Each structure stands twice: as C-alpha cells, then as structure tokens.
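By written order: A, B and C. Residues from 1 in each chain.
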Amino acid sequence: MKTPIAVLARGDLKHVVRDSTLVLALFGPLAITLLLWFLPAIEMLIQSRLSFDTAPYRLFIVSFLSLIPGMLFAMIYGFIILDERDEAVIDFISITPLRKEGYLTYKLIMPMLLSAGFFLLIIYATALIQLNPIHAIGIASMVALEAAIGTLFLVAFSENKVEGLAFSKVMGIMYLAIPMVFFWNSEWHWLSAFLPPFWIAKAFIHSQTGSIWIWGDLFFGTAVHLAVLLYFLRTFLRRQ
Amino acid sequence: MIQVNDLHFAYGSNTQDTLRGLNFHINDGEIFGFLGPSGAGKSTTQKILIGILKNFRGSVSVNGLDLQKLNSEFYESIGVAFETPNLYTKFTALENLEFFAQFYTGMTRNPMELLAAVGLEEAARTRVSDYSKGMKVRLNFCRSLLNNPRLIFLDEPTAGLDPVNLRKMESLILEEKARGNTICITTHDMHVADTLCDRVAFIVDGEISLIDAPRKLKLQHGQRFLELEYRDGDKLETISIPMDNLGSNKTFQNILNNYFIETIHSREASLEDVFVKTTGRSLQ
Amino acid sequence: MRLLAAMGQDIRFQFRHGFYYAYAVLTILYIIVLRLLPDTMVYPALTLILFSDICALGFFFIGAIVLLERGQNLTESLFVTPLRLREYLLAKILSFLFLATLSALLIMLGASIGGQDLMWFVFGAVFSALIYTLFGLIFAARARHVNDYFVKSLGAGLLISLPILAYIRLFDTPLFYIFPTRATLILLDVLGTDYALSEKLFSVASLLIWFLILGSWVYQRFNKYVRHPA
C-alpha cells in the first residue's frame, strides 16, 4: 500500500526529472548561499574599489537574502499548483483518498521545509552573523510560514498562470518591509507591521542587540504569519 | 478543390511515417469525411491541408494552389475548427468572434447571427471560462465560419454535443454545403459520417483503405434480405426473406396478410460493419 | 490593420490578467521610493529600477503569455487566419513595450526627473525592454511549463545582465561592450551622468544590431516550433 504522499512525491520527482526545472531552481538558493559565503571578500572588494564601507549593512543583507529562497520556492510551488489546476489535476486528486486537503498540505510542506532548510544553511554555513539556535529556529519557522503564504497568495487570487505572474510581481512588495524596518528611522515604519517579513527583520535586529524584545517579535511575528496564512488558505479553498 | 498524391509525413525525428502514401481528391461542394480510430492520421492529414505541417513528401494542391508555396492569402478563404476548442477564456464569446473577424479583409459574417444559429445568443456576453464543453464546441464552429470560407475543415465537430445540439450542428453543416461550400470533416463517429458525408475515406495506420459514398458502401457490403418480426399468437417470430421478386414471394404475402407485423428492416450493412470488414479494425 | 487588431487584443489580454494593475502598484511604489531617496542616489536608483524591474519584466510576462496561448492551443487558431507570424510577434512585443514605456515615463515624471538627454533615455528604456522581451520569446518558443521557462530564461537573463557589475563599478571588462545590456545601461543612465556622444551613438548602434539578430532568431524559432510544429 502506497501512501498518497509518497505517490505525490514521486509525481513531483518525475516532474523534476522530466523538466529539470526544480533541479535548476535549486541553483537560485544555492547561488545566494554562495554569494553570502563570499560576502566578506565582496565587502573588501567594494571597500577598496568604491571606498564604501558595507559592514553596517551586513545584517540587512543577510536578512534580506536569506528570505529570497523562500520567495523562489513559493513561486515554484505556486506555479506547479497553477499548472496542475489548469490541467485539472487538482479536480482529479480531490476524488482520490488524498483529497484536496492532503494535496494542498503536501504542496505547502515542501516549500516550507526547503525554505527553512536553506535559511538555516545560509545562517550557519556562512556564519556571517551569530544567531542563538533557539532564535534561529523561531525565525526559521516564520520563514517556513512565509513560503506557504507566498505559495497560497499566488494560487488563491489568480485564475491562471498569467494572472499568477502579475501577482508574483505584487508579492515582491511584501519584502519591502525589510528595508523599512532597517532604514526608516521613524515610528511610521510600524505601518508595515502587517507584512510578515517585518517581524523577521525585527527579530534579526533584536537577536543581535540581545534585546528581550526578540521574544515579542517571535510571538507576534508567528501570530501575524498564521493569521495571513489562514486568510489565504480560506480564500484558496473557497475558490476551488 | 483538393488534390493529394502520394502524401507521406513523419513527425519530428520519427523514423516511421505517420502518413504512408495517401491519394485522394475532394470535389467542389461536397462533404468529405475522414473516418478512422484515434491516432490513424486523420488530424495529421488535416493539419497538412491547412498548411500547419510543412515538411511532407508528395504533392498537395488546394484550390489549385501548391501547398508548398502557400502564403497568408490562403487563409482568407478557409475556415478551421480544431478538435480542442481554443478560445480566449477571459473574453466573452462575442469578443472572441469580433477579435478573430478583424483579421480578414473580406466580408465577415455577423457574430451575433452565427451565435444565434448555434443557440448561443443568450450566452454571447458570457466569458468563455464559464462555458460548458458543448458550448465551446459550438462557439468554435462559429469561429470557423466567420470569414465566409469556401473551404471548411472540421475536426470532430460533434464531440461533446447533446442530441439536440448534435442535430442542430448537422443541419448547420448541411446548410454550408447548400451554400456551395466544400467541407472536410474528420471523425470517429459513424453516425456523423453516415448522415453528413457525400464520400468517406477509411483511414487506418496512415493509409486510406477505401473511399466511397456511405450509401453505396452500405449496399455493397450488405445482403439483399428483408428481416421481419411478427407475432404468431404469443410468440415473436423472426424471418429473413430475399429482396429480389419480393412482390411475388408467397411467404412474405402470407405474413403480410395474416399476421401482426412488429418490425421490417432491410439488411444493408452499417457503415461500422463495412469499416470493420475492410480495415479489420474497430473504430474505438 | 491585422497588426493593430492583434496588438489591441494583447493589450486587453494583459489588462484582464491584471498586468496593468500590477504595474500601477509598482509604478506608484517606485515613485515614492525615488522621492524618499537623497538626491545623489536618485539617478542611479532610477537606472537600476528601470533596468532590473520595469524592462527586464518583458522576459517573464511576454514569454509566459505566449506559453499560456500555446497551452490553450490559441496560437493554432491564430495561424489559420491571415495573421502573419511577423504580425503576431510584433503585436506581442509592441503591447509590452507600450506598458513598459508608459510605466518608465510615469516613474520619471512622478519623481520629477528630466533633462535634455530625454530622447536618448527613452530610446534606452524602449530598447532595454525590447531586448529582454526578445530573449524571453526565444525561450518561450519551446518551453513546456511556466516553471521550466522561468528557470531557463532567468538563467539567461542573469547572464546578459552581467554588465550591471560594471555599472556599479565592481568589475569591468571590454567584453561587456558586446552585451546589449551594456548599451541599455548607458542610455538609461544619461539623465544623471555625462556620456560622450560617441558612447551614446555606439549604444544605439549596438542595440539596433542586437535587435536585428535577436529578432530574426525569434522569428525562426517561432516559425519552426510554433507556426509549423512537427
């Protein structure tokens, strides 16, 4: 007896082998990891060429780039779902024992695991910043939730792949919350607190200053992520 | 209208030919049907005739024009309905037709009248994404008629239609023939081929095994017998009687005069029988 | 006439799929960002925004639209009308150039940026979008899935964008002058930086040559894989 998840995973694997898309897609996050690996060298190069000190921006660069894999995986899985919806695969799966819920769970867990994994890889393999393991796990779970949010955003509001594309463009705006937290020296930056990455940026900053507020960031951040996730999930399920 | 000699075609890098030496002609003003199971080469043949597939061997001329030297002028006077209805789903039926109509330099038909003819006038302003399969097939048919084509290609024109709309579609196709247009149909539906086509070509494995008028084929391959069912008391009896000299057949007269007749049929072959007999294949 | 009809349809298609809304949101956002930036950073930021986001998007959008049309077999029915392949491709390209140029000009106006080199700048914006669009179409002619297309075109897109390294003065090599993007980066930058006339003329010539090369490449690929697939 094969479990439905195993069947789906094998289906995805076939997808990968046939199109080599997901394999190629892994290059994006790997390239980012490599880029960060060489960041100290690049910083030196910039320092000598442009006499511009990037050290103060290192935390910003790390927090921004470590979220990019999540966005990429959200897009990849979002478009796989849109593809399968266009080809009525979802209708077919919803009458198998896996049901639509099982299908969706699987399609959300994959980008979540991948993005959280890459996040931890980036943080610990590059060792650019020191991060307490408990804080790291807290942030990683927000990163994972965010990948699910991105995936759902694409599929909940768009009718087909082309519309998904327009939405993926809008999705990028969410990440503007990070520069807002880092560079907008005004209480107005709290305006972006409804954007999930806002809380990740906050947590990054507080994790480095040793502030007790990190726990607030992790708590409220997870709550915001869950709230957005549930809202998108409901929209998606109602749409099908 | 169409003259095809020794047509061969192979897809991409396939070493085996999909079409293996087709010879046929289609006359002006007739409905010509390609009949065969899926994968036999019907759609491939049609795609060659409309200039989509190019690298074929043999000679094909449409309207006296050598297809190897075709230009976009050619498309002013043909109409095509593909098997899978391909339409802009975020646009209404009317918008779709109006859009495609703009490409033709000649007079185009009124989209609203076309939609009314297939019973879609109520849904003219509905987006195609909300259409059922059968509605899309009908809209697809409308599109193929937009430019008043002299030559019309219909790929499985009745797929997914309910009986009422099937009837309607058949009469519309016959109407086009009455206007003097030539129609080329591919189908695996015997009934469609039988009722619509002036001549049919049986096509199996990329080869045409036979071309003739459906009626002639049915008579040729049938038996000249009459089959009667009649009631004899409580029993239902069946009897076959030769059709020759029927008027003076004693048994026949006896039954006519003394029994209650339930059915009478002549035993000509069905088109399907002929197909199975000559190609050794079923149509599914 | 056929070209106009096809282009009108493409613009309406993009509108119905929300592209104009997405661009409106982005345009407004970029105007706000540019207005908040200190004066010294406005021009480089404008160049980078137009180069990376507004123009390079053609890569994604036009290619994905073609993919969707191919997936729904729409190209099939378009090519049994008198519409020519050349017209089909031009309609796709022009409809997107319209959107990209509109957005670029609005960003410029909204951020109150201008200058006497405006003509060069507009040429740069249009051709930047054009070159990326053509690259996208090259991949769209054959890709089977949107993801497949994204990954491949993104790889190629990053590759041809390498001259950005020279623009931010990290790494330069004369080889970059072969890239069409080196030329677009010069023309998009004319408002804030002085370039010699020869450099500007070189850029225009380079872009025209690239347009001819890529244009005929796209035409051939579409003729082979989309117009006459076999």
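Here is the rule we go by: a contact is a pair of C-beta atoms (placed from the backbone, for glycine too) under 8 Å apart; a residue touches a chain by one contact, two chains touch by 3 or more.
Predicted, not measured: the structure shown is a model, and the values here were computed from it.
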item: Nearest-to-centre chain - CA centroid comparison; value: C
item: From chain B, the most remote chain by mean C-alpha position; value: A
item: Gap in Å, rounded to a whole number, between the CA centres of chain C and chain B; value: 46
item: Euclidean distance of C-alpha centroids - chain A vs chain C, Å; value: 27
item: Computed distance of Cα centres, chain B from chain A, in Å; value: 54
item: Two or more partner chains touched - positions in chain B; value: 89-90
item: Sequence positions of chain C contacting 2 or more other chains; value: 17
item: Multi-chain contact residues (two or more partners), chain A; value: 160
item: Complex interface listing, chain C residues touching chain B; value: 1-2, 5-6, 9, 12-13, 16-17, 72-74, 76-77, 79-84, 227-230
item: Residue numbers on chain B that touch chain C, as the complex places them; value: 11-12, 50-55, 72-73, 75-76, 78, 80, 82, 84, 86-91, 99-100, 102-105, 143, 147
item: List of chain C residues in touch with chain A within their complex; value: 17-19, 21-23, 25-26, 29, 57, 60-61, 64-65, 67-68, 71, 144-148, 150-152, 154-155, 169-170
item: List of chain A residues in touch with chain C within their complex; value: 19-22, 24-25, 27-28, 42, 45-46, 49-50, 75-76, 79-80, 82-83, 86, 158, 160-167, 169-170, 173, 176
